[in-house]
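Chain nomenclature is as follows: A, B, C and D, assigned in order of appearance, with residue numbering initiated at 1 for each chain independently.
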Amino acid sequence: MRIGVLTSGGDCPGLNAVIRSVVHRGVVDHGDEIIGFEDGWRGLLEGVHRPLTLDSVSGILAQGGTILGSSRVQPSHLRDGVERAKQHCADLGIDAVIPIGGEGTLKAAKLMSDAGLPVVGVPKTIDNDIACTDVTFGFDTAVSVATEALDRLKTTAESHQRVMVVEVMGRHTGWIALNAGMAAGAHAIIVPERPFHIDKLTEVVRERFDRQKKFAIVVCAEGAKPEPGTMPWEEGTKDMYGHERFTGIATQLSRELEHRLGKEARPVILGHTQRGGTPTAYDRVLATRFGWHAVEAAHKGAFGHITALQGTEIKLVPLGEAVAELKTVPAERYREAETVI
Amino acid sequence: MRIGVLTSGGDCPGLNAVIRSVVHRGVVDHGDEIIGFEDGWRGLLEGVHRPLTLDSVSGILAQGGTILGSSRVQPSHLRDGVERAKQHCADLGIDAVIPIGGEGTLKAAKLMSDAGLPVVGVPKTIDNDIACTDVTFGFDTAVSVATEALDRLKTTAESHQRVMVVEVMGRHTGWIALNAGMAAGAHAIIVPERPFHIDKLTEVVRERFDRQKKFAIVVCAEGAKPEPGTMPWEEGTKDMYGHERFTGIATQLSRELEHRLGKEARPVILGHTQRGGTPTAYDRVLATRFGWHAVEAAHKGAFGHITALQGTEIKLVPLGEAVAELKTVPAERYREAETVI
Amino acid sequence: MRIGVLTSGGDCPGLNAVIRSVVHRGVVDHGDEIIGFEDGWRGLLEGVHRPLTLDSVSGILAQGGTILGSSRVQPSHLRDGVERAKQHCADLGIDAVIPIGGEGTLKAAKLMSDAGLPVVGVPKTIDNDIACTDVTFGFDTAVSVATEALDRLKTTAESHQRVMVVEVMGRHTGWIALNAGMAAGAHAIIVPERPFHIDKLTEVVRERFDRQKKFAIVVCAEGAKPEPGTMPWEEGTKDMYGHERFTGIATQLSRELEHRLGKEARPVILGHTQRGGTPTAYDRVLATRFGWHAVEAAHKGAFGHITALQGTEIKLVPLGEAVAELKTVPAERYREAETVI
Amino acid sequence: MRIGVLTSGGDCPGLNAVIRSVVHRGVVDHGDEIIGFEDGWRGLLEGVHRPLTLDSVSGILAQGGTILGSSRVQPSHLRDGVERAKQHCADLGIDAVIPIGGEGTLKAAKLMSDAGLPVVGVPKTIDNDIACTDVTFGFDTAVSVATEALDRLKTTAESHQRVMVVEVMGRHTGWIALNAGMAAGAHAIIVPERPFHIDKLTEVVRERFDRQKKFAIVVCAEGAKPEPGTMPWEEGTKDMYGHERFTGIATQLSRELEHRLGKEARPVILGHTQRGGTPTAYDRVLATRFGWHAVEAAHKGAFGHITALQGTEIKLVPLGEAVAELKTVPAERYREAETVI
């Protein structure tokens, strides 16, 4: 077969491991030819590509980023480009396309698939918010990076007798906050799925200081929000470039906690370090397995599916199911964590 | 309730996280009293214990080892001790015992449970060989440590144009070898479940050098064995202390490969570094969840079970099922790894 | 002897290693009694202290933070407290005081020393800005943490074709920026010692994109400033709590670079993760040696000095020299780094 | 200028950082042409080389190993090859040769230099045993890797109530043992410079158990030896391939300690993981500075020297001085470590 592969959306540790796995399994097991489209969907729409051989993927397993580049393309641009994509594939003799990406990418993959392109998707997101798969690669690395940072911040918080409010990634879901918070023993965890009440959070922290503890760590997902009307909230103002000034959740929360508790509080925004760099062993294994199964699916003609981890096995799930809804943190998991406010 | 907890068997990252979780959930959510038995079953048999409070478990979440100590006790000694254990529990007013341990510990737990002790087991093994649970805590840390070591060894193998034969833990199963080998891109993986043929292994490595590659990495589980009669095998001889001299699989394999290939080959035995130290974020979360669910099970009276991860949820599985058979690497996983010889 | 020890100022990896070393050397080699003052100078001024035994320092070598706590005390408060400090020491029979701290602490130490207190200081700062010592413990850890973050950020910058402007610690000196920038291969480094010209920086980055490079990493110390009048600079405005809104160098620089280059640019502020957590092996060794030599100095009566690394040896330097001036990055080091703008 | 560069001897983290630095400084600052000889001296003797451009060294700063390959060449072979080396250099128009290597390499460099080749050496050894330089790159990485392993082993030793005897690299000098042992808080350190007495070592460990401590860590350099006649010592016997069976210091010591103390003791041999993989930030900075100064030295015509770190500065030291004697651990450092037996 001739298989095209592309990576789309934000950076995510494990992308190169998938690419490598697709090339290894395709070339070695099936004698396939693998073609890489450059810079995500753009490469498919504009026909920019290059051959991927065993040599091209040598040494990339543990590398962060993607050797194929990525980009974000407007959905409208994608809709208009379906016919061009099909034409490029026909011209190149492509028998299967493996897009690796997050929710947006998989929606685009569904669009392409519905239009007749032979697609097998590989889900990717550090946020772990794709339904149908127990977990996505990149998530374990993000949680590990956040946990290491939290481990470090604890000693400083304790030495300085402070509240640290640490913002981790997660615009719509709190998976990273939940797992990093649990792993690091955070004293409160705030997630987007459940608007928090500032009074309750203040009580949790105050009660801790009352027990003679010298510090507190609050982990919040970047998309977390207070219950409307329960705490002052400063809308972003524009700076001289027209950008909104940063007034994120961690900053506002730390100011308010400092004000209420009379204890020093500091915001820390972990930011992009969570989404780049070498993947953990866990993510490399998962990404490699996804790549292997995507190639197998292509050879079985199981198009219109994505690979998904269910228990210990990789299954194929229809694209439609995969993008139907966001996987949010269920209430049961809050109870286990106990510290989700 | 009054809950006793003990850790038994070999060291495993995450033991302290379970202990801490049991104490937190018991004390905070249920007002339980938690008692720790010292040095595993020995503490229960001899009635050596101490109270575990929130303060006793402060700061141990990320610490390797076990604050309760561990020991290995003879099965016969355990059988003889059942009545004494029951008596100690009665004297102490213990309503539930939570033993945390591997296969041997869970067999002992079944023995105690069958004799009427109210037991909820928590499975623990870096080897990942316990049936009924997708994974055990400690395994991810072991794989991570082995993968980091393999990452480092690759550059030396390449600079020196060598074969490196790296022995990882796994006496009966090849899970660590499989996952670390996949994560690090090993060129051959040898597991106990499948005796290897030295001719085939030699061919795989030779073929690699024929493709102008400068090095090769072979990962073998400590319990891996050649097909009988296919390669010279030196039985251990005794040293002056009566100990067997070390002639493990990696050493013998590297000698034979060097002999056959005419290339430098070196054994590296990773050893105990795989089973100690701070747990990964993944293992801390899993261990914490196990602890939480063990306490819940005790409060529901669901004795005679162990906690188990199935998909994304923690389930309770009868002790009998858990120890019925070892979880070995299934053939399907060999195919994904491709490099399992 | 009876030796008092205290830690003062910001958190710094290695503080516990010094404390442990002082106790080990004092107790084991000299039969000293060691007393720890709580929360820095405050403990000395208010006479809050506790005995430090071999058991009290067991297991703290690799721990971040300080078991003695820290605080920041106003200089005026210190000046007023000299007599009280002397009285407390007399009452306790203290023969030597070992304060571990940064520039402010060492100035306070000099004040106390001039007033007759028998003081041996141990320099501490992640910023590496203390004269007379080649390096201070904590610095290597800070550089390591920043370098790991930069390694991770590079793959994201490359995948997204962005400029990343990464702010590291260093209010007055650029040592962390210099070393982390060199270690991670940053494309431009901005330090407080040398106001940068935005035109030159823009040129360096633009020239890189002209060579078809897909991304650029700019490392800036938090205290770095543009040459006055060369780029727009927005003074901080107050938020509703009276705090200044954060408009640090990385944020302003990334906005301006994005505006000038027409490329996406993103600020990342590494923050407190650089100053906490487990120290590197390098810092543990240096901290341990400082502790050993501080005790030796006390026994030799060499008061009024600090320990200092010079080459491979630990020397004693008069307190007055140590605090005379800040150690800034010399011009020669810019030339080596080449990328200091 | 036209500058040739080569890497020789064992793998060492930072080699690629030196190569990259030489290319960057040569090409960017001076408009030099840089040529890489393949596989160490062999490339120079046999004239195997390739051009090194900015693109060839892109992304190698943090990579272990050496993109130029390495090899070990017999001294006699080198002596016979001097004229050929000079001829190759003349043919290629080489104005300076920068060999990067350890003691053997620098001796070869002196030979070449004495014969008229324009040589600037860069010292490299994870063992830190080269005189005239405070430290060599690779050493900090080796110590870090060993320290991390020791940190992990401690929890296992404690859980199992064992003595762990950990063998680190260092055939002739004990620098890695000393620093890793200090950094990890080992209870005894054994170095080649000072033959140990088994009675004294046993006493140190026994005294620790007498104080109710549950474990002990002994760190030994691979080249450490007992005082002759003080403990049984088993000479290696040959295996079926004619290789000596491994009966290293850690194995023999752990057997003897177990025999004497009646406590479980286990050997752990850290091996090659100490010499490969990504360099620490410290080593990357040092390697980069060495590269920069080697190019400067070449342009100044300061041949016959090596780069050396002295305090915070890079100096040039005559090759003769550099290879005159091995830098061993001085007695003063034993005293600081206290635990050197």
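As a convention for this text, a residue touches a chain if its C-beta (ideal position, glycine included) is under 8 Å from a C-beta of that chain, and two chains touch if they have at least 3 such contacts.
Everything numeric here is computed off the predicted structure, so don't read it as measured data.
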Copy of B-D's interface among C-D, A-C or A-B, judged by over half the contact pairs being the same?
A-C
Per Cα centroids, the chain farthest from chain C:
B
Where the CA atoms of chain A average out and where those of chain B average out, how many Å apart are those spots?
30
Approximately how many whole Å separate the CA-defined centres of chain B and chain C?
41
How many angstrom lie between the CA centroids of chain A and chain C, rounded to a whole number?
34
Residues touching two or more other chains, restricted to chain C: which are they?
151
Tell me the shape of the graph of touching chains, choosing from line, ring, star, complete and other.
ring
What residues on chain C touch chain D, complex-wise?
20, 24-25, 28-29, 61-62, 134-135, 140, 143-144, 146-147, 151, 179-180, 182-185, 280-282, 284-285, 288-289, 292-293, 310-314, 332, 336, 338
Touching residues on chain A, where the partner in the complex is chain C
10-11, 13, 15, 63-66, 69-71, 145, 148-149, 151-161, 164, 214, 232, 234, 239-241, 243, 245-247, 251, 255-256, 258-259, 266, 268-273, 275-278
